[in-house]
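Across the two complexes that follow, chain A remains constant while its partner is chain B and subsequently chain C.
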Partner chain A sequence: MGAPSPLRLGYYPFVPSVSIAPIRKERPLNAADHESPSVTIEQSVITLDHVDKSFGSFVAVRDLVLDVAPGEFFALLGPSGCGKTTTLRMIAGFDQPTSGRVLLGGHDQAGIPPHKRSINTVFQQYALFPHLSVFDNVAFGPRSRKMSGAAVVEAVERLLDIVHMEEFSKRKPAQLSGGQQQRVALARALVNRPSALLLDEPLAALDQKLRQVMQFELKRIQRETGTTFVLVTHDQEEALSMSDRIAVMSQGRIEQIGSPSEIYRTPATMFVAGFIGTANMLPATVVDIKGATATVALADGTRTRTNRMQSGVAVGKAVTLMLRPESMQLTSTRPDGPSVAVTISDATFQGAHTRLALRTDDGAMFLGHGKGAAQVGEQGWLTWPDNDAFLLAGEARSVGATGTDVDLVEASL
Partner chain B sequence: MKLGWGSRLLSVWAGVALLFLFTPIFVIVAFSFNKPLSTYNYLWHKFSFDAWAHPFRYSQLKDAFLLSLRVALLATFISVVLGTAMALALVKYRFRGKGLINTLLVLPLTMPEVVLGFSLLTVFVAINWDRGFRTVVVAHVMFCMSYVATTVKARIRGFDWRLEDAAADLGADPWRTFTKVTFPLILPGVAAAALLCFALSLDDFIITYLNSGLKPTFPVAVWTLKRAAVPPQINVFATSVLVVGVTLALGGMALQRRSARAA
Partner chain C sequence: MDGRIARRGWVPYALLAPGLAWLVLFFVVPLFSLGRKSLERGGLHNYSKVFSDNAAVIGRTFLYALAATMGALVLGYPLAYVIATRGGRAKNLLLALVVLPFFTTYLIRTIAWKVLLFGDGPVVRFLRFTHVFGRNSELLGTHWAVIGALTYNFLPFMVLPIYVSLEKIDPRLLEAGIDLYATPIATFRRVTLPLSMPGVFAGSLLTFIPAAGDFVNAELLGSDGQRMIGNIIAKNFEKDVFRPKISALSFVLMVVILSGVLLYARFLGTEDVI
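Showing the complex of A and B:
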């Protein structure tokens, strides 16, 4: 990041073409307003500055540092209990950090209750008011902010139009389907023109088909309103397909922040490698590093080269080769390069390729992609091109394919 | 469908049970239309609208009835406010001493009324309060509050507290959150508690008798009057209360059915 751009000052992350009258008193980002102005703080909508949160002796979140940029689609991704919902609650103001600061638009939010924050939330299961109509649900925010009657009607109708729910304005939430409730929850949370919208597992309550539709819808609505979205999810596929950037969390810590392709291709930790997609792990030792290329020796002595690795990979150290299923090929004859002898234990035709579950003589399971017909029980060699492997420092907990349970279940089907 | 003799016997039995339950109520209503021979409205003499035409003939009954209404309204209001707040606190928050409060809450419901009445009397004498309107209201609030807190607590156990988070998130301050979200949603429970409270207050004799001083409430006045007369006006008041009570209960049921259908 360079010097602060004057254009960025006072930037309000809402596309002006969506002309909803201002509801909230806008706070100009004024450098004089805060104690320690810095470039990142001024430009980000949400800043977490070394945030810790513990409940009694249980540490839910530790030393969280992150910035969310205006207009960004940001995801907090991790398994349940990793602290992502606690993080969201601290941003919204329902929980206070034990230490560290939460800043919104550069302003420290310590002691500011949820109803005075410029952030809105789409809750898990939506939390729509059951006694109010769709219209009144959406109007709740503007009315809480003392907007005049005519302006409320205009703002609510605009938002209901954006989420395609204008015909349902007189219905009660219980008379709507899950997807429709989701849309109302979105409209209700966006009508106040929040500086960022927090979404807590927004698609978890929907069935598979609707989930895919709503993924597109969320992206469209984000584009149309120009709002910063912060999505909390345990579903890696959801995070990968929608987000500009993802923070992968585990046990209260951020493991990595990066674009979907960064965290998929160059995971920062063993956890990220295993949690995002499927990774085949192979133990190896670094023999030589020349320039950007490392040569490693596998357990059987065969060698392979790659220019993709973590920092901390050094000659003589134990490393783990991470290989994505799509870079692994199965050959019927032993190739010259590095390879692993395997037996096909399962093959699933998936259209463009066949997903193969492959077992080594040691009993380790690998996942790879094959072309054409594959016969269960057939033997072969798994191989991969140079530079497709990514080197992780240290030894993996287990050899073979790691991945979310869903992948393994899918693979065993 | 043809009923077997077993089922028929069961229907008869149910009829007898209902008759047993409702006979006293029927007698009260019927005897409000009696023109008794003596001052005691115990024997049926002849049908008449006399008592209904002159409900306020006995001024001590009229005064007592109006006092009872005032006591019941005020005691209900105070008990509902305090009891609902208590129920909300007990369901929503975790705090030290919560279990103890939950136990203490049912104590007034289980303790014999005579004991409660006498303890209260002791307290009022000790702090030198003259028995009257004030002491009766305080006494009624004391036992009504427990009923309100217990009833409301049971009704809001399944309340979705995230709705309060959602309201706050949308910019509603705590007062707006309570008036626009929490209260409308717990209103059926609060209304049920208020009805119960009103009926209990109007009806209470023992605690009231011990703490009411010179101005009697309706039940106390009936008790006092009994030595000289039991006029049909008593039945008129009782029937009026019954009609209002049943109307409110039916209205409440209809409202709930309507909101259930809308939901």
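Showing the complex of A and C:
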């Protein structure tokens, strides 16, 4: 990593401590390549085999291929209308694929109705039965399976204990808070010991603070029950913090499947780069590639090097430098390395850090993190260490930070 | 004190006052005078006399209203269910068709039944033809005619509340039932049916109460053997509005209806119905 220049703005960047493995050029980064090769149809809990789903002329899901391994916390992440909920409904059996196969434990589920599938769903807004008590809600599944009375009581009490709701077993759902209803919904699904639990935007109805606590709760419950979780969410922070693997979806397709850090550090497509976290995009041209390191020239002619790039990056081609806010540093004097001259146009205190909006002379907006006081109007240079930039093939739709346009952000929710 | 808060104090009363005054003037006062009248010349003895004289009619009224309510429920629930769950775009049209008979006056509708059911009418001819009925059997002047017409006349009162309560059920609850290993039929029994009970309750009351107080159906389609409390009250009030025993009979009718309602509420356990 390049040595940070002295900082006069009282601002220290957060530098990721995890070392980044160089991505070799021979290994192209595309969706198919990210599937874990160790997972085969026989041992995976859920398999989608080239699944398509259309409603009339509208294609909701296109050629979906994925495997979910036992015990995995898997997330389907994407903006609304990307097909993630349709995918979940096909796994649960509420919708049938137009073509392709859905397999559970290696068995084709074609024509098998939801009540005969060994998976359960936590619905958006929970869908608890309003006329039944907490106990009877949780007992619904075991009673459907004609479990004996004593076994029902034992199973329900065990689950209510796991979700810390044993004191509330006599209450009706309307007498519970959102977080409590959420936990009852979890217990109601998990009591059946499903081979996988499907969660449709499980935290969307909760407020910010509760959401973060529930993320830990979900992880704990997943560990304690050893159940495979498949989470559908539009909230990338939720997916990043909880999942073992994430499938990023857009317009009915999977853009990339990978671990949270893979998706964050080495996005397979421009969409993934923009959708996951904040990315600062800078247009550049590849000047030279030596070994694993590419040298690129920015618009103003300054050069920077990085060994992290997508496939398809070649000498002479237009590329986009993707820089995360936490790897960009603001210096008050022009550094030796690559840099962009900026003016602080906005500083938002966010507790752990200050979010800085930085405007270039061309009017492009960059986002960076700062610590301590930052003065709006102050000028400086944005710089970054070698190898912190990731090269995306092709030109970005716009220069600067993604996720700053209100309309675009809203459309992605 | 803040003026806004002070105003908030009297606004609800101002809104209540006209309706309350109307009810006091035209419901409570007449009821009270009727009650007082029913105790004149004989006191509570009027009630025991009315009861013993009209025991058969009182019992019949209760049974007719009960039968009509059950008939409307059996016919109305599936109707409301299909409209609510399978209606699709035709929902509003189907609901309009349910209400359509109301565009004709109640009296004409009942007279139309008389035309349908009379001795040489289509219904009786069909029943004789299929040998359900003997050669000289009639429909007019039977229990069936009166109960059938009561059922028909109050069916929309059963369908609409049930439709509303079915319509309100979140479809995700049914998906949750199926997701939790219940078959579609079990999901209906364990989720849909209990959640539609408020509609069943309301619909049953809206059918039972007017059916118990009705006299038009028995008057037009029945004979002496089908008389209901309403017929006796109607006939005697024509002669003398102020006869104590008729006033007492009116109160008996009220008690019949009220006890029906209370029994029903107890049977269903309304506090559990949301």
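By our rule, the second predicted complex is superposed on the first by the 356 of 413 C-alpha atoms of A that agree within 3 Å, B and C clash if a C-alpha of one lies under 4 Å from a C-alpha of the other, contacts with A are read in each partner's own complex, and residues count from 1 in each chain.
Everything below uses one rule, namely that a contact is a pair of C-beta atoms (placed from the backbone, for glycine too) under 8 Å apart; a residue touches a chain by one contact, two chains touch by 3 or more.
Here the structure is a predicted model, which is why all the values come from computation and not from measurement.
With both complexes brought onto chain A, simultaneous placement of chain B and chain C is prevented by a clash. Of the two partner chains placed by the overlay, chain B and chain C both lie in contact with A:188. Legend: residue contacts after superposition of the two complexes on their common chain; A:56 is shown touching neither chain B nor chain C. Of the two partner chains placed by superposition, A:351 touches none, neither chain B nor chain C. Applying the stated contact rule after C-alpha superposition, one finds that A:140 touches each of chain B and chain C.
Across the superposed pair, chain B and chain C both touch chain A at residues 92, 94, 113-116, 120-121, 123-125, 127-131, 140-141, 144-145, 174, 188-189, 192. Looking at the complex, you find that chain B touches chain A at residues 160, 162-163, 165-174, 176-177, 180-181, 184-185, 259, 262-263. Those residues of chain A whose C-beta lies close enough to touch chain C in the complex are 92, 94, 113-116, 120-121, 123-125, 127-131, 140-141, 144-145, 174, 188-189, 192. By the touch criterion stated above, chain C contacts chain A in their complex at residues 170, 172-173, 175-184, 186, 190-191, 194-195, 272, 274. Residues of chain A that touch chain B in their complex: 24, 92-94, 113-116, 119-121, 123-125, 127-131, 140-141, 144-145, 172, 174-175, 188-189, 192.
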